[in-house]
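In what comes next, chain A is part of two complexes: it sits with chain B in the first one and with chain C in the second one.
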Partner chain A sequence: MTSQSSATSRSSAAARRQLANMALFMGPATVLLFMFFIAPVVVDVFVAFTDMGRSLRVTEFTTANFERLLTNDSRIGPTMAVTFTYVLLTLGIFNVTFGLLLALTTTALPERSGAFFRAIWLLPRMSPSVVYALLWAWVIGPTDRGLINQVAVGWLGLEPVDLLSNQPMLLIVLANGFIGASMGMIIFTSAIRAIPEHLFHAARVDGAGPLAVIWHITLPALRWPLSFITVYQTLSLLVSFEYIWLITNGGPFYDTMVFALYVYKRAFENGQYAYGAALSLILVAIGIAASLLMWRLLDMKRLLQTPKIEVQ
Partner chain B sequence: MTKAKLPFGAFTGIAVLAASAVLAPAVVSAEEVTINLWSRADRSGPLRAGNIVAAADQLNRMLETTGSETRVVIDLFENNADGFDADALDLFKAFAVDRGPDIYVLAHEWIGAFVEEGLAYQLDDHIEANPELYDDVIDTLWESVAYKGSRYGIPQDSEIRMFFYDKNMLRQIGKDEAFIEGLPALVESGEFTIYDMTDLAKEVVDGGAAEYGIVHRPNVGPDFQMLMKSFGIDQYNADEGKLQISETQLAAFFDWLKYSVDAGVIPANMTAWSWDEVHASFRTDKTSFIKFHGIWNVPAQLETRGLTKDTYFDEIGWTHSPAAEAGGAPANLSHPIIYAVSAESEHPELAALIIGLASQNYLNTAHAVTTGHTPINHGQAAMPRFVEEGWALRAGAPMLEYASFMPNHAMIGQYNAIVFTGIQAVETGRLEPKDAAAFVVEELQAELGDELVVLD
Partner chain C sequence: MARIELEQVAKSWGDVVAVEPTDLVIEDGEFVAILGPSGCGKSTTLFMLAGIYAPTGGEIRFDGHLVNRVEARDRNVGIVFQSYALYPHMTVAKNIRFPLKFKGVPADEAARRVSEAARLVHVEELLDRLPAEMSGGQQQRVALARALVKEPQLLLLDEPLSNLDATLRLTMRAEIRRLQRRLGVTTILVTHDQIEATTMADRVVCMSKGRIEQIGTADDLYQRPNKLFVASFIGAPPINLLDGRAERGTVRVGELTLPASGIEGAVVLGIRPEHLGLSAPGHGLAGRILTVEPLGRETLYEVATPLGSLRVLEAGSERRWREGDASGVTVPDEALLIFDKASERRLETASLALAEAA
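Moving on, here comes the complex of A and B:
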């Protein structure tokens, strides 16, 4: 009886310790997850079913926002088209492809030179958003006060260049891509560094040239980083709009009005908070759908499975 | 007409009596009464808030004279908003979390929105009870603070938005002095239309005197209203208290925009310019012939062009936005900023009294002459400081005859933003004028719903 009760008390102490450990290790992450990821969505859903306007007062619960969204907002379709174009171009040209190119070239260089060029490509990411955007605004200024036009018109005698009016999509892809590429560059660089050196030596002994080494050794080892960057940056680009807002403000007309910026303008520049909340639910739905689709297509489950070798 | 001013002694006595009356319930035990003031941090008008602080100082001196131990303290919050629209939205947020001020500075067209939300104190009784504070206010300015038949604010300043034109450029293309100096009169008579203005600007550009014929603000704002007015567009339906639009008139306005862009007069990428580029093209670079904006630009024009009050009008001329058709009426715009009192204030009468003191000649003139805004009281025009430093404002005052205000409707901000999208679409060639007008009307209907009357 005594030994039985002492065993019970030992097991309950172990259970308590296990609970305490769980709270200690999982607690902060769970709280943060709730506060910054789950709670905002819950609040957003709540606000979307109200009539909250610029006074922030709620006088009734209504489905009017969804009726308007479904029947009376002709801008949703065009802004979606702009969003997908922007995400595909930025992701395809810069965040993945150019990031990979930077990683391959800078790891092929001597250590110091590689680090130097990587540091240069990290500079835009380290600059405050507003400073970065203001620099762009100055560079692309359509009169002869803009940097490009000072060179193009003042020095080379060319016609004035006006990216903002004539190539606004290219402009936002460039402005976001210069920053986005550095993320892929860092992840891919660390993955390339993790490839065992002897594989490269063996390939060269077998007569492989630089391109063959990249194709047969490097790229296969980058499969998971490539998948991760694709998923992560897609979701990130879907909701990012600060540089677009600061550089083109969604214009001219609606040419660079990505959906996230459209939602922001509805909610915060017009004071239509409830309608903005309803619109942003579309973005939440697209984000979830895109995540699930890419999870399946890129076989992300295998990336996150339990390692076969566990260090005890 | 300048009205007689009350002797200062009488005025002080009335103010102290009024202050004693409004403070009485609040000061039984308190030594200090705090009045919260909200103002946008704005380089073009630091004394909008500063004058309230000065008025409170004045009131405290009066109270001290009477032996009262009560003092009024102004707790100023300067909001760093990008414009008056953004500032108004921020102010709504402050009220929503019970951090609303007692007094706030507001672009006049927002007053309707604050009244509708129950956040603006009705000032009719206060104004009528204090004629010594308000009887000299220029009558037309009261329109800017009125909503549904009552007054909810006190005009803080006024202005005139107009076409500034470079006279030297006209001289360069061979125009004689009679034409150059007579242009405003031609516009005022309705003989010289807005199409004539484009043709003239084209002559200036083609003659090599200017790179750009007409430049305008690059973003959403009130300036375009005077152009719309030139085309007969009246944004407000007073009978129904709603905003209104005519697709035909809007298309006519957009036709003129396209005509001006095609003529190389308005740059097609005007809305891609920065404010710095717009200002510089008329002030320092002198590459544009006409800029339309507000009279408060004069101090900057004087400084950057190296002009004085004796040489200013040799170089720069002013005119209304010309009529769209010969014989029509020209237009310009006044966009007053106002003081309002919160309906949630614990001391609304005291707050109103401080505003009243801040709106007197001495303090308002300090704001007017240092920032290039027209005065709110008739009597200010006779003040020596105004005569000396406010020469430009005196010159502009007659233009107020053709001034219109933005409607005090809660949704005018959205209305202007949608019209601007149409302007941008036409100038950049995204839409033809007719399509742009249809687009704007459709967007306005979707956005404003029942608050919009579509005339045709």
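Moving on, here comes the complex of A and C:
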């Protein structure tokens, strides 16, 4: 009798401890997920079904925003195309490829000069967005004050270059890429550092040249960091627009109007909050679809590890 | 196969001297062990031979050709690292095949050589496994196969057995030795384990603090160590070392006086534990047993004597003495090694036995 009751009390204590552990370990992540993802999406969906405008008053619930979005907004297609080009180019040229190149070259340098060059590439990330954008405005200035034109016209005797008018896409890819590359650089650098030194030695003794060493030893070890950076940067490029807003403001005309910037302008500059909310749901849907797709393609599931500590 | 020569070869990193200028010749087909404590520059020496590290001085020659400036990949050297360094994302077959990729070996010949190398080290069954799916012993065999598949002119082994358990170490020791004999490849084994060095190699190079202290057979190092370091490093349980003074044809260590002609000054006496004996109190030095360690076929005693505590190794496992017992410690004259205290070199003396015979 007593032993039975003590057994039940022990098992209920274990159950309580299990519950407490769950709250302790899962709690913070759950709260953050709710506050910064689920709650905003719920609010967004709610607003999308209203007629909220600049006055922030809701007078009726309606599906008008979605009708407009599906049938009556000729900007969605072109801005999507711009977004696609922008994300693909920035990701492909800078965030992954150039980040990888920086990591490979700076880890091949002696420790101190390697760290020096990495620090240089981190600088743009550390400077305030507005300062960084102003810097670009000076670099690309179409008159002979602009840095590029000082070189092109002053030294090389070429025609003045006006990137902002003629190559706006190149401009936003460069401006974002110079910042974006440093994240990949850091992640790849630490992954390269984690490769046991003897693997490089073994490969060299086995006959591999420098490129073969990168191909057969370094890159296979970077498989997961590469997947991670690709997914993470795709998502962050999809929704971020601050540098584009500051440097080209989507122009000239709609040439650099990425979808996120378009949503922002509709909602905040035109005061169409409800329509903006409906538009941004597209972005949420694309983000989730892109994550799931890449999760499959890059076999990200294998990134998940069994816990190092077992918690009951 | 190659004859390897090192002439004044040295390596340092900034102020850290890993290898002092070193001379060493290894004959074609010879099996040499480099033996020394951890951090004495063994791996550095090996890596300079492999072309992984560039020497900061001296010349390395393979069959008379200077190779200082020859890249690792052009030296045709096989190496087994202490950590095995198998490529983690490649299967065993791909690991073994890797060196052939860069030699332009035709596919069918490569396949044949991979299976041959795998058979040589008994890993035919494991060809589809990844390194992480194998035990240490299996990984070690695969690493050996990868080093041998390219038919190297020099095989380098960096503490290849140190991560294996005792029984496996015993089998691998014999197996590597047999393989080396069969293939006739010039081989250098780096180890801190004297048994490994003396059982596997034709010659042992004993290193300490970046310097070669002595080169010789196992017997040479044990019976006739040139330096105090070699005497104290080789032999288990370790040799007893006693400070003494040599003057007028004798060496005095405390109450002990032994004949030793032709030397003067401060010396260190070395006596192997098996050369000391225990006897009834009153014979030899007065002793008291401190500890008794049965080792199976032998028993090791630590005995307090007026000269300090001495290790005595007695044959047999029966414990004739217990802790706290009083005993005598007998010292034979002829087994003594005498070293100059300042230079740590061994001094040649006419021992008592020889003196009596004369």
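The rule is simple: the second predicted complex is superposed on the first by the 298 of 312 C-alpha atoms of A that agree within 3 Å, B and C clash if a C-alpha of one lies under 4 Å from a C-alpha of the other, contacts with A are read in each partner's own complex, and residues count from 1 in each chain.
Convention: a residue touches a chain if its C-beta (ideal position, glycine included) is under 8 Å from a C-beta of that chain, and two chains touch if they have at least 3 such contacts.
Fair warning: this is a prediction, and the values are worked out from it, not measured in the lab.
Asker: Which term applies to chain B and chain C once both are placed on chain A by superposition, clash or fit?
Answerer: They fit side by side.
Asker: Based on the superposed arrangement, let me know which partner A:P142 touches: chain B (first), chain C (second), both, or neither?
Answerer: First partner only.
Asker: Return the chain, chain B or chain C, that is in touch with more residues of chain A.
Answerer: More residues of chain A are touched by B.
Asker: Classify the contacts of A:A212 with the two partner chains as first (chain B alone), second (chain C alone), both, or neither.
Answerer: It touches chain C, and chain B stays clear.
Asker: Is A:P252 in contact with chain B, with chain C, with both, or with neither (first, second, both, neither)?
Answerer: In the superposed model, A:P252 contacts chain B only, not chain C.
Asker: Is A:P220 contacted by the first partner chain B, the second partner chain C, both or neither?
Answerer: second
Asker: For A:R112, using the defined touch cut-off, is the partner it touches chain B, chain C, both, or neither? Pick first, second, both or neither.
Answerer: neither
Asker: Which partner does A:H201 contact after superposing on A: first (chain B), second (chain C), both, neither?
Answerer: A:H201: touches chain C, not chain B.
Asker: Taking CA centres after the superposition, what's the angle at chain A between the directions to chain B and chain C, given in steps of 10 degrees?
Answerer: Placing chain A at the corner, the angle measures out to 150 degrees.
Asker: Does the superposition put A:R54 against chain B (first), chain C (second), both, or neither?
Answerer: Touch partner of A:R54: chain B, not chain C.
Asker: State the minimum pairwise Cα distance, in Å, between chain B and chain C in the overlaid complexes.
Answerer: Here the least C-alpha separation of chain B and chain C stands at 52 Å.
Asker: Quick check on my understanding: which residues of chain A belong to both its chain B contact set and its chain C contact set?
Answerer: none
Asker: Can you tell me which positions in chain A touch chain C when the two form their complex?
Answerer: 196, 198-199, 201-209, 212, 216-217, 220-221, 223
Asker: Which bits of chain B are touching chain A when the two form their complex?
Answerer: Within the complex, chain B contacts chain A at residues 85-86, 89, 92-93, 95-97, 113, 117, 119, 219, 267-269, 271-274, 276-277, 280-281, 413-414, 417, 421, 424-425, 428, 430-431, 442-443, 446-447.
Asker: Spell out the part of chain C that touches chain A in their complex, as residue ranges.
Answerer: It comes out as residues 47, 50-52, 71-73, 75, 77-79, 81-83, 85, 87-89, 98-99, 101-103, 146, 150.
Asker: Mind pulling up the chain A residues that touch chain B in the complex?
Answerer: Spelled out, the residues of chain A in touch with chain B are 54-57, 68, 72-74, 137, 141-143, 145, 162, 164-165, 249, 251-255, 268-271.
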